[in-house]
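In structure tokens below, several structures.
Both complexes below contain chain A, partnered by chain B and then by chain C.
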Partner chain A sequence: MPEPSRAETLLPLADDELIVGWRNSEWTGIAPFLEEDVAFSSIAQNEIGHARALYELVAEELGTTADELAYDRAPGDYRCAPLVQLRRMDWAATIARHVLYETADAIRIEALSSSADPAVAGIAARIDREEVYHRMHAEMWLSRLQASDEGRARLDAALDELWPYGLGVLDAEQRPELHGRLEERLSRALPDAAPVERGSHEPELADLLGEMTIVRRSAPAGARW
Partner chain B sequence: MSLVWEVFRRERAGAPMQHAGSVVAPDERFAEIYAREQYGRRGESEALWLVPRDAVAEIDEFVDEFDLKYRRVDGYSIKERLKEARERAGTVPG
Partner chain C sequence: MTPAAVWEALGRIPDPEIPVISLVDLGVVTAVDVDHETARIELTPTFLGCPALEAMTDAIRESVAALGGEADVRVRTDLEWTTDRITPEGREKLRAAGFAPPSPRSGEAPTLLQLERGPFRCPWCGSIDTKLENVFGPTPCRSLRYCNACRQPFEQFKTI
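Let's turn to the complex of A and B:
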């Protein structure tokens, strides 16, 4: 079986990072308190930075540009997991997504770090060095919410809702690992549910893409900024 | 309850720790994350120290009732006395 192309391997990851970064950035200015606002915005920026690096690598192979990949595709062509498409302006749901996404992302990045393609392995290792801090951030919020009855109840409700979406971030063979890591960390069972697979599009993705590209679309195609 | 953590940073190996600012955080783990974001993510620091403000003993009163200025690093001002001495000795510099 031939090795999958870089685009096949990296485009779903790039789209996930762009869209989760965009969703996280929706908390800028309205996070629960100021220090968190700075930290979560910074994480959002990192994710978008990872997306840029990944798009550049894919663009090289496809003979296009990172910007065109990020902004100019039809909504149906984005390959991001439904987990990152959801708009959830609730802090417990945001932390639940953050935990699900970062745990899944760690598994996927670990696998990519041993890719036979040195460019892919290299970018995975670089991304992982920043993701360490995202995981620390997710972990500290997880502990914080678990420490009170109200926090735990809200977190658990969000995890119940988002778990099938979390599964959809990974390929089928990596899902048992995600399930194991999360159940161990959360000390609770996760619902038995069918994954919400990559390739399906939540209604709010079109709104996000519309807003994300509004400035770019306001100028004639090929405009230089 | 949130605490104020004073953040010190070292710009490069061998440099002294200097006060950088503070972060407000509910516990040490949050303080670490926030300090990294605010004082470390641009490569401006080689190391950070986090100190709960409560742990800092502050001294802000320095009594000097008898004007013992010879004990201070700036010491006496000898300008006037030097001038007088030079005049007496007839060695006022031109």
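Let's turn to the complex of A and C:
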């Protein structure tokens, strides 16, 4: 069987990183406190940086550019998981998504680090070393929310809603690993839910893309500041 | 134009975010190769999300142009940059400017427990009685700590 193309392997990942970065950046200026504002904005910036590096690899193969891949596709062509498309401006839901996403992301990045394509393996190893700090951040917030009854209740409610979306980030064979890691870390059971699969598009994705591409669409020749 | 002249010129370009150290001190210039009037320069960014990359590339082009040559800058995202690439001079310049240099990388990935419990030294007073305030500082490559001895906050470079 031939190796899947870079686009096949990396576009879903790049789209996830771009869109989760964008969603995280929606907290810039309104996170629960100033240090968190800085931290979550840094994570957002880092995710978008990962998206750019991945798009560049795919663009080389497809003969296009990272910007065209990031901004010029039709909404239905984005391959991002529904988990990152959701807009939930509630901090407990944001942390629940952060934990689900970072745990799932670690699993697929570990797998990509042993890719036969040295460029893919190299970038995956770099991303993994940076994501260590995203996982630490998620870890700190989990402990913080779990430390109070209200925090735990709100986190659990958000996890109940988002868990099927979390499963949808990964390919089927990687899902049992996600289930195991999360149950161990969260000290709670997660049901055998039907995953919300990649390929479906939540209504709020179109709004996000509209906002994200407005400058590019209004200045097709390229904006200059 | 010789490779030594190019290295020397690049050693005078300040890092766009932390101008106390140069691009060479930071260890992001990973190769220089000169062929007549063209300098082929490999740049290996620190964090992939680093927004300073374009500013660095522009500064390198200007600097080589000032030597009468042309820079062909290649950004390598497949190569490993680790904080161990910061030169000893670079680490000392960081410390003198109030940034705690990164600890050396060990075999294992750093953990939250190490950041919370490890002996991180205050760049102002030298005490190790410091605590983690925030995993992320003003840029992804730094975290925020607070020194209980001199009661000053400071920025700690992350080990990657």
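By our rule, the second predicted complex is superposed on the first by the 220 of 225 C-alpha atoms of A that agree within 3 Å, B and C clash if a C-alpha of one lies under 4 Å from a C-alpha of the other, contacts with A are read in each partner's own complex, and residues count from 1 in each chain.
Keep this in mind: contacts are C-beta pairs under 8 Å (C-beta built on N, C-alpha and C of every residue); 3 or more make two chains touch, one makes a residue touch a chain.
Note that the coordinates shown come from a computational prediction; the quantities given were computed from them, not determined experimentally.
J.: For the overlay on chain A, clash or fit between chain B and chain C?
T.: They clash: once the shared chain is superposed, the two partners overlap in space.
J.: Using the superposition on chain A described above, determine whether A:140 touches chain B (first), chain C (second), both, or neither.
T.: Touch status of A:140: both partners.
J.: Regarding the shared-chain residue A:50, is it in contact with chain B (first), chain C (second), both, or neither?
T.: A:50 contacts chain C only, not chain B.
J.: Which partner does A:42 reach: the first (chain B), the second (chain C), both, or neither?
T.: A:42: touches chain B and chain C.
J.: Pick one for A:125: touches chain B only (first), chain C only (second), both, or neither.
T.: Once the two structures are laid over each other on A, A:125 reaches chain C alone.
J.: Is A:150 in contact with chain B, with chain C, with both, or with neither (first, second, both, neither)?
T.: A:150 contacts neither chain B nor chain C.
J.: Chain B or chain C: which reaches more residues on chain A?
T.: C
J.: Taking 44-52, 62-70 or 98-106 from chain C, which overlaps chain B after aligning chain A?
T.: It is 98-106.
J.: Indicate the residue numbers of chain A shared between its chain B interface and its chain C interface, in ascending order.
T.: Residues common to the chain A contacts of chain C and of chain B are 35-36, 38-39, 42, 133, 136-137, 140, listed in rising order.
J.: Can you name the residues of chain A that touch chain B in the complex?
T.: Interface residues on chain A, with respect to chain B: 33-36, 38-39, 42, 133, 136-137, 140, 143-144.
J.: Note which residues of chain C are touching chain A in the complex, please.
T.: Spelled out, the residues of chain C in touch with chain A are 47-51, 77-82, 109-112, 115, 133-140, 143-144, 158, 160.
J.: Which part of chain B faces chain A closely enough to touch in the complex?
T.: Touching chain A: residues 2, 23-26, 29-30, 32-34, 36-38, 41 of chain B.
J.: Per the contact definition, I'd like the list of chain A residues that touch chain C in the complex.
T.: 35-36, 38-40, 42-43, 45-50, 52-53, 56-57, 118-119, 122-123, 125-127, 129-130, 132-133, 136-137, 139-140
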